[in-house]
Each structure stands twice: as C-alpha cells, then as structure tokens.
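Chain lettering (A, B, C, D, E and F) follows the sequence in which the chains are written, and residue indices restart at 1 in each chain.
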Amino acid sequence: MKSIAIYPGTFDPFTNGHLDIVKRAAAIFDKVVVAVLINGAKKPIFSVEERVSQLKECLKPFANVEVESFDGLLADYMTKRNINVAIRGLRAVSDLEYEFQIAHTNRMLKKDMETVFLMPSAKYTYLTSTIVREVYSHGGRIKDMLPENVERELIRVYGG
Amino acid sequence: MKSIAIYPGTFDPFTNGHLDIVKRAAAIFDKVVVAVLINGAKKPIFSVEERVSQLKECLKPFANVEVESFDGLLADYMTKRNINVAIRGLRAVSDLEYEFQIAHTNRMLKKDMETVFLMPSAKYTYLTSTIVREVYSHGGRIKDMLPENVERELIRVYGG
Amino acid sequence: MKSIAIYPGTFDPFTNGHLDIVKRAAAIFDKVVVAVLINGAKKPIFSVEERVSQLKECLKPFANVEVESFDGLLADYMTKRNINVAIRGLRAVSDLEYEFQIAHTNRMLKKDMETVFLMPSAKYTYLTSTIVREVYSHGGRIKDMLPENVERELIRVYGG
Amino acid sequence: MKSIAIYPGTFDPFTNGHLDIVKRAAAIFDKVVVAVLINGAKKPIFSVEERVSQLKECLKPFANVEVESFDGLLADYMTKRNINVAIRGLRAVSDLEYEFQIAHTNRMLKKDMETVFLMPSAKYTYLTSTIVREVYSHGGRIKDMLPENVERELIRVYGG
Amino acid sequence: MKSIAIYPGTFDPFTNGHLDIVKRAAAIFDKVVVAVLINGAKKPIFSVEERVSQLKECLKPFANVEVESFDGLLADYMTKRNINVAIRGLRAVSDLEYEFQIAHTNRMLKKDMETVFLMPSAKYTYLTSTIVREVYSHGGRIKDMLPENVERELIRVYGG
Amino acid sequence: MKSIAIYPGTFDPFTNGHLDIVKRAAAIFDKVVVAVLINGAKKPIFSVEERVSQLKECLKPFANVEVESFDGLLADYMTKRNINVAIRGLRAVSDLEYEFQIAHTNRMLKKDMETVFLMPSAKYTYLTSTIVREVYSHGGRIKDMLPENVERELIRVYGG
C-alpha cells in the first residue's frame, strides 16, 4: 500500500512555514499532493497559475511531492483523486478550533477522510500569508519569510 | 537613561480601557507616546486629527504622555523615533495569539524591539472600540465606556 | 412565577445545533421565545419572514416555544418584552470570549439581564450556519445538518 | 411547574464569586439548592458541617435558596432529589473545557440532566477558593474576597 | 517504504476514545505500534502487563497493530525501535498546548521525530481515562466508555 | 526616576527561557531584581542558596541585574523592597489565565503594583523547568535548555 496525502491551501503566498510542513509530510508519506485552492483568495497577490508554478519550482527537490490546483470542496476533490488523508499545519490555539470545525465537517461529507495535523518548527509559529502580505504592503522586510523564488517573484512583480 | 515607550492603536474611539492602559504605562515609563495609526480604520467614526485632538485633551493630566499619529509599519516608526518598547493591552486569550503574532513579526522587522503587555483593570476586560461602535449605532447607552470628552464629541457629531 | 427566556440569533439557516439548544431550553423554562434578529445577516439565504415561518413549523412540537423577530439591541428588546434571561449555545473556546463580551456588554446596558449558556450535544460542537452555507454553496451534502423542513426549503429555493 | 436547580461545589471557602452566582441563579429559578460536596477537598479549611452552616447564614436573605451536602456522583444525587438542572459558574477559557468535560460526562450518566452556565460579575473573574487559601496562608489581605461571616470564621479559627 | 507509527500512552484504562484513534491510525499507516508507558500512572488500576494483555485482545481485529510496553523517554524508545512517527489524539484546546510542549521537546531530543495529531470522533471529545476512573470509583455507569473486554476486566477485578 | 522591576520565580532550574526574559527586562528597566522564591518547589533539584549562586554567576554579564531570594507573598516583598513592577514571561494561552489570576490577585493585595508581561524568543515557547527536570530524570539530552553553568552543576551533582 502506498500512502498518499494531500496538503490543501490558498498559499498566497506560499511561506517558509508552509514549506516546513511539506518537508515533514514528505518524510512521512510515500506521496504528498500540494493542492492550491482556486478562488480561495479574494484579491490574490499571485494567480493560481503563478502559485502552482512557484510551488513546482521550490518543491522540485522533493521527489515525492506533486503540485496541483483544485476547485470546490476538498472532500469532493479527494474522492475524485482517491486520496483519504489531508494534511494541515497546526500552529496555535486559534487555529485548532477552526481546523477542527473544518475537519469534522469534512468527515460528515466523506466518512473515510482523515485529517492529519503536523506541527511546524517553533520559529514559524507566528508566520502566516496574511502577515507576509501586510508587512510587504507597508514596505517591510520579508526576508526569511518566503522561499527564495517566491520572494524574488514578489519583488519582480510588485517592486521591492 | 530615560525609559520611553510607545502605545500604538487605532483608538476609534479611545475607550476607558485604553485610558486605563495609558495610566499604567505612565506610572512605569519616564515617557509614553500614544500613537494613532493613520488608515487603521476603514470607515472611522472620527478622523485621525479628531482622535489626536481628543486624546490630547483627555490625556492632559499626564505630564509624561504625548500624543502623535503615524503611518505604515510600527517597527519603522519606532526606528525613526528611536523608541524600542511598544505597549499593548492584553485582555483575553483571543487577544494573546493575535498580539503574539504581531509582536513576533515586529521582532523579525526590528531586532531590538520589545513588546510589553499590560493587563487592564478587570472591569475593562470586555470593553473594545468595536463594542462601543456597535452599541452606539443601535442607540444603546455608552455611559462609562468612554472618557467624558470623547463621549461628548460622539454625541455632538452623531447625536445622542 | 412563570420563568421565561429568549433565544436570540440570526439563524440563517436554523441548524440542528440550534434546534438542540431550543429543546434543552424548553425543558428548563416555562416559556422560550426564539427571536430572529432583523438585519443580522448581510446577504441572507432566507428573508427574516421565511426564517420565522420555517422556525414556527419545525418548533410546532414544542408547546412552550414561540417565534418572533426583533430589531436593534437585544437588551432593549428584552426590556420591551419584559424578559430578563437570554439563552446562548456555547460550543467552543472561541465562542466563549465573544459570548462573554456580548454578555458583559448586555449587563452594562440592562442591569437585571442574565445570560444563560447551554451546551449542545457533542455531535453539534462543530456545526454552524456558516459551515452549512459554505458546504451548500459548493454543492456538498448537508444531510443531518438542518431540520427537515429547512433543508427542504433550501433545496426548493436554491436547488439541490 | 416550579423550576428548581442545584449549585454544587466544594466551597472551601465559599467566596464572593460563588455568592454572585447564587444571587443570579436565585433570580432565574424558583428554587436553588446549594449543595456542598462531601470529600471534595483533601485537607479542608472548614469541615462540611461548618461550610453548610456558614452558607446557611450568608444565604439567609435569599428566600428561595436552600443549603445541603451530598456525597458521591452529582448525577446520582440529582436523580435522588429529582432535580434536572445543575448550575456552574464560568469564568475563563480554562474553566470551559473542564466544565464541558464534566457536563458531557454527566449527560452520559443521566440523560435528562442539563448544565446551565452563568457568568459572574467581571470583578470576580479571577477569584477562586484556591487563591483565597493561598493568600490567607501567607498572611495576605483577603478583604472583599469572602462573605463577611465566612471571613470572620476564618479569622476566628485560624487567626488574622 | 513501509510507513510505521507509534501510539504511546498510559492507557489506564484504554478507552473507546483511544480505540477510535488506533482505528484511524491503522487506516493511515502500514503498521501501528501501541506502546504502554511503564511507570506512567502513580497508582494504576491495571498493571502494565494487564493493560498490554487487554490491548492485545481488543486490538486483535487490526492486523497491522502491535502492542508493546516501554520505559523511559519516548524519543529514546523510538530511536531503539527505529520509528520516526508518533501519534497523539487531540481533543481540545487544553490538550494542544501540553501536546505541543511534549512534541517540541521530543524534536529537541530526536531531530527526525515527527508527531502526527489525529482528531477523535466528536462523541469522544470529552472522554478521558481520568473521567472513567472518577466515575467508576463513585459507582457510576461506565457503559460505552470502554472496549467491552476492558470494562469486563474492570468489573471482574473491582466489582460492578 | 530610576525604573526598577522584579522578576520572581522558582527557577528550579533556571532555563535559557528565563535567561531570555532577564535579557529583555534588563534592556527595558534601569534595574532588574531576579528573586528566587523560597519554598516554591516541593522537592527542589537545587537548594535556594545554590540557585541564587548559579543565577549570580550566569547573570554577571548584566550590570543592572541583581539576584535575591524572598519568602511569602510577592506583593509583601515588593512593598518591603519598594518595587512596583513585576515581570513575567508569557509563553502560551494556558500561561495567560494563570498569570492573569495571579496578577489580579496581586492588584487586590497591593494597589500600585503592576505586572509587565514579556514574550520570550519563539524557540523558548515550549521550554519550562518541569520539562527540563522530566527529560533529565529519564537520562535525556538537556543541551541548549540551560545556561552553561547550570547544566554543569546539574551534571556534577546528579551525574550525566
């Protein structure tokens, strides 16, 4: 049996915290599908295509990681792709209740679906895409917050 | 060495809970700068100028408190003003994680910046600017929620 | 003395979790008024009239439950209706702080007002109107989430 | 139908926070039974008899409040006394999870049992019997923490 | 690569909530080692040998689950057994911080160790070994709390 | 006015997380008194004298930090020493409620007392004296958890 898991998210932008979770997942499962949610962000910094392309580049070192995009309910997409395990990063107490709500709802929608929570490195406990966007929009330093190629793209498109 | 701290916020409106924190900070530090964030509120009740003026009036009794406004990232403003200590009121668990996220991000932006959390009087645990705006907009009684001059202005501008 | 309590909410839509709380309240108090807040939802699925009518139908089995709608502050409406006890369902930690904030504010507005918190059945811990709307809007299965007549109406109006 | 509720606790000692909850409960229910748990405290300050007697004295002003003691599981005692509603004070997030655990367990033990959570006045949010014992044992001032007669007894027995 | 995970605990007694987690883990990993911590309980109801034997009986239906006992630090035992993934059930907010503390400490002790958090069925959110011991010691009904064989043993040894 | 603050604790042992807080406090206040609570630990690893001596050694680089020990209530000791500001490290949500309880109680005992909460570096979020004791007692690696001289003493006294 090959174990396979999906790591869904908006990833706008994909941070070093997300990367940390992918690394951990890739060491646990035979295959990890990183899936960018279409329409997850209201006014995205990067289009879904740009995010998929950036993710493919920075996740190239991980042989068992694939990058995709999906639309609609995660439970439906997992049924279509025949995947039963979803991965979520868990950073803090406020995350927990939201994540539990999502995970329990997913179980109602798809009985055999399991959500696996991983804990990022402590240094990423307070790093989120929202924080990155906020800091960047005010001209703040985002060094060490993003994978190199994502940071480079951000500066190329929006200026530094 | 004269100790100096900044107390940043949107203060729309400035409540008795905020006033409680300023009093405590003024008893700890040699100088406290209360700094109104420009563009912090989407559709403010009071303009930044009005808030600065109201704050100056109600904080007049505190000889070591100054009122200013600032734009952009707090970390940048603190560097410009040569201040290393920021003050935040901490009321509840949900505050904590948001405040920690902000404080850790600020540390990434400015290494020597320290956030000092103060606890308001228990009676202000559940008082926020949002609550005041909500109650007032429905014609509710806001007595004891705001400093006298702020309440007076609110009634003068919006009616009571 | 006949004990009477009000259960206020937006109920857009009214879920099986809400129904669970009404049942519990109806077993404790002589009379329970379920009160739909007018203007509580930005872009409601159902109009206030539709919700009142749906609630009347599915709460018919409870002889001591009445359904109404109200506008403005709950504290004012309770004063007008001469009711002192408000009921709120409490599901999780994140609920708690928001509910405490509301309840303490209500006490400032109406001294003799008491908020009584009830705990829903564990299986409804993660069920909210927001979750139902989200799942339904993406074509997900909402079976077991809503009272039968509310689910039927949802499908009749929006399609299944 | 006369509504009746039980307020169980160790009450060693009974604080002004407990008194606040009794007052609120007595305004909601036709009758409130305050029930001191026998064997609830390892090395009690006051014996169960002393606590019952102190409670009877300070709760005399409330015509619809009775004081008792009980042993064993609350659910069993409530069945014996034919009471279905238990009252608990809810002060903080850490309370919530413990109280929910108790309340859900009680529901497993007695299907028709309901736990009603009341919120004390904000000024009692951080007052517990443990805090009182700790402060008193180190010679600290416990004024305003206890009903007058309980404080008097504490000083009479243990010195002030 | 065969995926293998360890599920460590005191399991005194092993509850239906623990069983729920084992089932979920067994569906995700190729092999799951359930490991009873020696000396985890001060005054255990069942000896480690009894617990291992009970667990072996009730987990017999799961072909890919093994039962063991271990002493000392989990990180050391996992190194010895060449296992990198530990499983923990996550029920509530108060669990989270304790579990994060353990998991981060384990990472300091063993760099390649990963903790995977699973969410039990909602009906087990409030079920713990402590609750079972407490209820049982007061003669309460523990039906539906324990696997059949564990309940039977409890009654055989301690009476019902 | 020279600002002075006290940092009280049991410090058994003093960890790198405590050291981190002292450094931050020493950068904010003119003088910081680190005060070891006598009788804070049931079965201490190090006597109060040993802890004071270890602290003096590892805090020698900080010219404005003094080390003392105290007995009884912190509020009383602060009155005697004429200090109004207490410092506490705040790591997590579970800390918060306990610390708020202590801080509010201290305010009841000493009106002009202020508690200032500082946030340790993210890497120390999950490091506590209890964790260190637990890991060490099972022969685990405590490197990077303690100041060098404290670690050396631990190994000298208890073996490595």
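FYI, a contact is a pair of C-beta atoms (placed from the backbone, for glycine too) under 8 Å apart; a residue touches a chain by one contact, two chains touch by 3 or more.
As the structure is a computational prediction, the values presented were derived from the model and not from experiment.
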| item | value |
| --- | --- |
| Common touching chains of subunit F and subunit A | B, E |
| Centroid comparison with subunit F (C-alpha atoms), farthest chain | C |
| Same vs different contact residues, subunit E with subunit F, by half of numbers used | different |
| Comparison of C-D and A-B (more C-beta pairs in contact) | C-D |
| Subunit A and subunit D: spacing of chain centres that average the CA atoms, whole Å | 48 |
| Distance between the centres, which are taken as Cα means, of subunit E and subunit D, whole angstrom | 35 |
| Mean-CA-position distance for subunit E and subunit C (Å) | 38 |
| Per-residue multi-chain contacts in subunit B, two or more chains | 93-94, 97, 100, 104, 122, 125-126 |
| All chain pairs that touch each other | A-B, A-C, A-E, A-F, B-C, B-D, B-F, C-D, C-E, D-E, D-F, E-F |
| Contacting residues of subunit E [partner subunit C, same complex] | 93, 122-123, 125-126 |
| Residue ranges of subunit C touching subunit A (in the complex, touch as defined) | 92-94, 125-126, 128, 131, 135, 138-141, 144-145 |
| Of all residues in subunit B, those that touch subunit F in their complex | 1, 3, 24, 27-30, 84-85, 90, 93, 96-97, 100, 103-104, 112, 114-119, 122 |
| Residue numbers on subunit C that touch subunit B, as the complex places them | 72-73, 75-76, 93-94, 97-98, 100-101, 104-105, 108-109 |
